[in-house]
Structure formats: C-alpha cells, structure tokens
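Remarks on the structure that follows.
So that you can tell them apart, the chains are marked A, B and C in the order they are listed, and the count of residues begins at 1 in each.
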Amino acid sequence: MRHLLNPLDFSVEEIDDLLALARDIENNLPRYAHVCDGKKLATLFYEPSTRTRLSFEAAMMNLGGNVLGFASADSSSAAKGESVGDTIRMISCYADICAMRHPKEGSAFVAAQKAQIPVINAGDGGHQHPTQTLTDLMTIRSLKGRLDNLTIGLCGDLKFGRTVHSLISAMVRYPGVKFVLISPPELRIPDSIREDILEANHIPFEEVGNLDDALGSLDVLYMTRVQKERFFNEEDYIRLKDCYILTRRKMKLAKPDMYILHPLPRVNEIAVEVDEDPRAAYFKQAQYGVYVRMALIMTLLEVEKPC
Amino acid sequence: MRHLLNPLDFSVEEIDDLLALARDIENNLPRYAHVCDGKKLATLFYEPSTRTRLSFEAAMMNLGGNVLGFASADSSSAAKGESVGDTIRMISCYADICAMRHPKEGSAFVAAQKAQIPVINAGDGGHQHPTQTLTDLMTIRSLKGRLDNLTIGLCGDLKFGRTVHSLISAMVRYPGVKFVLISPPELRIPDSIREDILEANHIPFEEVGNLDDALGSLDVLYMTRVQKERFFNEEDYIRLKDCYILTRRKMKLAKPDMYILHPLPRVNEIAVEVDEDPRAAYFKQAQYGVYVRMALIMTLLEVEKPC
Amino acid sequence: MRHLLNPLDFSVEEIDDLLALARDIENNLPRYAHVCDGKKLATLFYEPSTRTRLSFEAAMMNLGGNVLGFASADSSSAAKGESVGDTIRMISCYADICAMRHPKEGSAFVAAQKAQIPVINAGDGGHQHPTQTLTDLMTIRSLKGRLDNLTIGLCGDLKFGRTVHSLISAMVRYPGVKFVLISPPELRIPDSIREDILEANHIPFEEVGNLDDALGSLDVLYMTRVQKERFFNEEDYIRLKDCYILTRRKMKLAKPDMYILHPLPRVNEIAVEVDEDPRAAYFKQAQYGVYVRMALIMTLLEVEKPC
C-alpha cells in the first residue's frame, strides 16, 4: 500500500505515468465515470480549505466514488482529544482512501503509520502539499509540452510559500531547468532551498528584486501572494508591493507563450484585467488539479485504467 | 447558458413549462432517477440555510447527480479574501451547476458574470430568493389548480419579507389576482412594491391591520414571521403580535379551500394546532420545493425529459 | 413505520435477526452494494460527532444510498428558532430515513412523533445511543460467539457513561451474564442502574475499585474514559487514574480470549502499546459499527435482503 505524503514520494518515471494517466482522463473523461464505483474517499480537513477539498471531492465523484468527511476540526473528534493515529484507524473502517489536511507539520506522516488505507497529504502546515505540486507539473507539461528545458520565474513570497518550495524541489529533477527567483529581500527563498536543493544540484538560478526586469526571459511565471503581515513595516510594504503585482502593462514584457500559474486564492497580486490574457493559466490549473487527483486516486487504489 | 438570479428571469410561459415539468416529476419520480447521472451540483452557502441547501441537495440526488460544496463561509476560501468571481471560476472546474447563497445583495449576479456554469441564486441578502418564489407558485397552482383569479392574503412582516416581495412581483403577471396585505403599521409593504409593482400594474389590493377581518375573503394565505426586534418598543409588539398569529379559532373564519403557505422556518406565528388542518400547506410546500428545484436543475442543464 | 430511539426498542429476537443480517453483510458486502439505490439518509447532527456521523454515512453509501444533512447546529435552522418537530417534518420531504444527534434528552422521541420517515436516535444528550449498543452487541457476539454466559467487566466512568448504562440494560436480557463494575467511588454506577436493572433482574454483579484484581475473571472488558473534570479535586484524580489505565503489563493478568472494547474516542485510558494485542477489539468495533448500521437502515426501510 502506498501513500502520497511528499511531492518527491514518486520518482520521475512514476510522475510521468501519473501525468499520462491524468492527460488520458482529460481527453476521455466519460470513460472513467465508473472506475471507482462503490469506493469511498474520506476528506479529513482539520483546517478548512474549500479549494483543495472540493477538488478532491469532484475528482472522486468523477470516478463514480462517494465522499464523506469533515471540513473543519470543530466538527471532528479532534475536539474530544482523539489522536490523529486513532482517527485514521477509525476512518480506515469507513473509507477506501483518504485525503488529509492538518495544520501541524508531519501529521500526514503520523496518519500513514497507522492507516489501513492510502493517505494523501492534502497539506500539513507550512510543510508539504504534494497534490498542488502535481497540479503545477501537469499544468506546465500540458501548456508547454514538456517539463525540461524551461526557465521558470517564481514571484512573490518565496520565503514562506510552501508551493514554491515544493515546485522547485520537483522541477530540479528535470534537465535544463533554470529558475528566476523574484521577491523583495524580506521574502527571499530560504537557505534550505537555495543551498540544499538548487546549489547542491547545480541548478542555474538568479535572485532578482524586480518582476519587470525578469519577465522577458521566462517560459513560465509562478505567482504567489505577498502578504502585508510578512513585512516589518507598512512603508516597506507600500513601497514594494507594486513590484509584485502583475498587470496587463507588465504582461507586454513577457513572451507570447509565457504562461502564468498561481496556486490560488489570489488577492490582488494579479490584476483582474490579466484574466482575459490567453497566457493566464491559473483557472485552467484548477481544472488540471481535478484530473491529476483523479489519476492519483486511481493509482493509489490500484484501479485499472479502463480500456 | 442561462442562470436564475431573479424570480422574473423566466417569462410566464417559461414558468408554465417549468411547473409542468415539476408536476410531471411529482407524478413520475422514479423515471427521473438517472437523468443527471454523472452531473455535479455545487452548493455554495456563504450563509447557512439548512432548508434551502438540503432541498437543493435532495433535488440533485433525486436526479442521480452528486453534490459538493460548503455550508457556511467559515469553511470557504472567502475567509482567505478570495472574491466571489474567483471562487465561481474555480467552482466551474468542479461542478456542472451551482446554487449560491450569499449575505450580500447582488452577489449571485456578480458570480454569474464570471461563471462557466449555470448559477442559481439561492438567496442574496434581503434581495432575491427565486427558488422560494417558484416553490410558492408551484404550491398555489397544485393546490388551487391555477395561478390566475385568486385573492391572496400576505400576513406579517411585509416590510422586510423578501419572499413576500418576490411573490407579489411574480403573481402580478397573472390576470385577476388581488392582494390583501395584512400587517401592523410598522411593517407595511414598502413603497417600491406598492407603487412600482401594484399600482403601476393596476393590481387591486388593500392594506389591513387585522387578520380576522381579512380571512374570509382569501383563496390563499401566505404567512410570515413577525420578529420582535422589528418593533420600536415591547408594548407595541405585545399589543400587536396576537393579531398575526394564526390559530384554529381564526381558521374557522377562512374558506374551506383557503390554503395556508409559509416559507418556513416558523416560530410561533402559526399555532402548532393548525398543522392538522387539511388547509395547512406549509410542509407540502417543502415537498414541492424539491420537485421545482429538480425541474429547474434539469432546465438549466438542458437535460431532456425522460420518455 | 418503526424508529430506533432506545436500545430496548428491539426485542431479543429482533436483535438476533439484526445481528444475523449484519453478519451476512460482513461476509457478503458486495451483494449489498445497491439495495438502497435511490434512497437518502439525512444525518441531523445538532451536536458534532464525527465518528457516529461518518459511520452512518459509510453505512448508507455501502448500500448504494445517498447522504445529506448537517454536522453541527450552527449550520442548521435551529439557529433560527425552528423546533425539532418542524425540522423533521421538512426533512421528511427530503430523505427516506434520518439519524439524529441532539444535546437534549428526549429530542429523538419528539422528532419521531412528527416524522414521516424512520428516525434513528444517534445520541440524545446523556440519555441513549442505541446504535452504539447494537455495535457493542455485534462485537461481543462476533468475537465471543455468543451473548449469553459471559462475565463482562465495565471500567472507568460508570456514573455518567451512557454507553455503559445502555450495554448493561441490553445484556441483562441474555441468560448467564455477570458484571464486574470497576470504577473509583466517585464514578460508581448510579442507583437507577444498580437497583432497577441489575437487582430487579437478579443479575449477579460486583463493584470493585481495582482493575488489576478484576481482570483475570473477565470474558469481555469494556473500557471508558475517566475524565479529570469528574473528580472533586486534582489529588483524587492523580491518585486514582492509573488504576483505570489499561497497559500491556495489566493485560498479562487477563484471559487469552478476553476482548477489550471501547466506544472511542480514547484519550489515555488504554495505552497505545495495547493496540497490537490481538485482544484489542476497539478498532474492529468501529468496523462492526458500519455493518450493524447497514443492517439497521435496511431493517427500518424494510429493504429485502438480496438473494
């Protein structure tokens, strides 16, 4: 029995297979409508996340399966002091697979130790969120046709942005990938990523402070939110924030096939006017997220691809 | 692609068709058990409403479809500052149709601008609640056999009662309809309805302060709740409230085929003893609400009537 | 139409039939996958209980049915002042059967008076929780092969433990049953159970203060949580609590076929090390809970056993 706890749990080959399955699902959705008939997914969200939860639920329903679970810790046994290990033992009696989001780092790992069913980490604190990374990979591969030989810009809060760290860790496994890291000084990528992932793997990258200067060279731009509360003072925030807001004007500096990704939710870091740009891929990304989760559920449940 | 945002979005002919379909569903429920197989309804309730949410869910399940969503804003992305427009773009990737309740007027309209799927307004603040109006219309037509040539009493809080305003706006399109508006002075119908809807359409109506006096002339009595907090002072409330409580004694003054409707939930404005009266139609109304929502979902999804 | 409000609503013969059906379900699960196609279960949880709610939902889904409802009172019409009677009248329009948990004693009974569909009491305050009792009975019968001629130890909070009271009331109907009641003096079984159930039925029982002394004689040990807040003072709690914590060391005193049950959630009254003991049956119990609820739903809906 396998779990998905960390974006690197799957080898490059396994990710290739998963993305190929997701692509086949995208192209032949009705053929998958019953492959999980009679199966149940438990969505255990100790911390609310509408987007991720509904994406998993849509995925399971698209496969013909059922969904049960909880959307916040208030309505869970956690309030009565039950351990995650005990909860997952119980859930193993109720469902065939589960997706778990928990505010505490490592809790998906703890759950997997006790689970009798496959556990998907749907986010554990600031730690990991592997299905977001799989979604990002599928989006890049679908739109650019490849995962290698790409220059990827990552913009915004690179210090605390969990999705950014995971995406870098996943992409360094493909040849010819370069990164442009665009952030204010306060929110630069942490040393653990710069040294242990980028430098250790001899990956070319540059760190810049200005989005405008970087835009022209990128194949993919991955935007994230710059949160006011990350800044030491209001003046710094006001001075810096505009540099990290993507506008129609800025998009003129970008290549005609530079796609914009964003893990969502967005607040104001991409102007609404950009949504109409054909290079805006962040809503398409939400759609790919459903397909990749369908492929993941099938893979972990060892469900055969329909012929 | 069509939405249902306002009770008047459908013409009289379209409402006729919808109610005919709802009636056929009522009479042949099992034939509709699979017409929405593989379809998904998203219930987006930014404000809790058990009754409306479960009615939609029951409707979709009766058609063979699946349901996903959230029951309150706490467990939604709204807490992270996402706009309704962005949320609906995401939901369009997850579901085939959505029903949305939101405390802010006009939010269903905003959602519909961005949605790639049909949006049903399940209540936007004090503004509109069109599926309640469709339910009311189906109840009246089913029980009275017609929507024209009726004297309709509306009793209670006519000032703030959203369902009352919508029902009046919908009923003035049928010939021969008269209204008796029964309320304390503090809660009279607003000018916008009296002048722009009733007088502008030359609809006969009278405003009275006493339920007893009006009862004998009515074909339908639509009760609503009189909330204590609407009154200026406690004495007025105590003095007036009994006039607007329907009792078995009062029902003796009504015609033998005068049906009582209520949008529910009821607090004390209809005495429980009245529930046994065959003219009490408010629970039947809840049942009609499911059929009419089934018909609406089919209509907006352009699902064929089974043969 | 029947309801299940109290563990004693079913006769011994009816429980025999129900447990036989549950056992057949356990052994032939796929045969039951569609017996409730098109049926809907409403889960009305005015008080959160993940375990019980998800067990019901899994049960209904295993039978092919759908589930709708609410997980806490915040998202229910109760907040608008609706009575339980009115809510159940409405729910009767939406679902075929319902499971209701409510903090107030007797509320399931009130609901059943007004319901047009079978009501299952899923816990009403400290009062009754009959499906837990059915689960306990199925666990004992499955593991011990019988419900008669057993010595049953009940340990922990016997004063407030609803499940303990119900299990005693249910087990006294089988011949040859003896009880060993193990608790601190503060948490002894109430007189209502000691006198009206045990003594009135001439059931042999002893009350002891020490788990170690009792363990050797038991066929079944039913553990419950000893909550700190039940004690008059901290010193008493610290002095006493270790006597009521089951450890691997203590398990050496027990018979090789003495099964441990626990209604869960557990906090610390069973050491995690005991989970590996083959006599630990509390997670298996959660699995039996699903089968017995499947049997119950089928029985109340009068669904035929598949051939």
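Assume contacts are C-beta pairs under 8 Å (C-beta built on N, C-alpha and C of every residue); 3 or more make two chains touch, one makes a residue touch a chain.
This one's a predicted model, so the numbers in the text were calculated from it and none came from an experiment.
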Chain B on chain C, rotation in degrees - Cα superposition, rounded to nearest 5: 120
Copy pair chain A, chain B: interface residue numbering same or different (half cut): different
CA centroid of chain A to CA centroid of chain B, Å: 41
Junction residues of chain C - those touching two or more other chains: 71
Touch list for chain B against partner chain C, complex: 30, 33, 45, 48-51, 54-55, 57-58, 61, 67, 71-72, 264-267, 272, 283, 286-287, 289-290
Chain B partner contacts - residues on chain C that touch it in the complex: 38, 40, 42, 66, 68-71, 74-77, 79-82, 85-87, 89-95
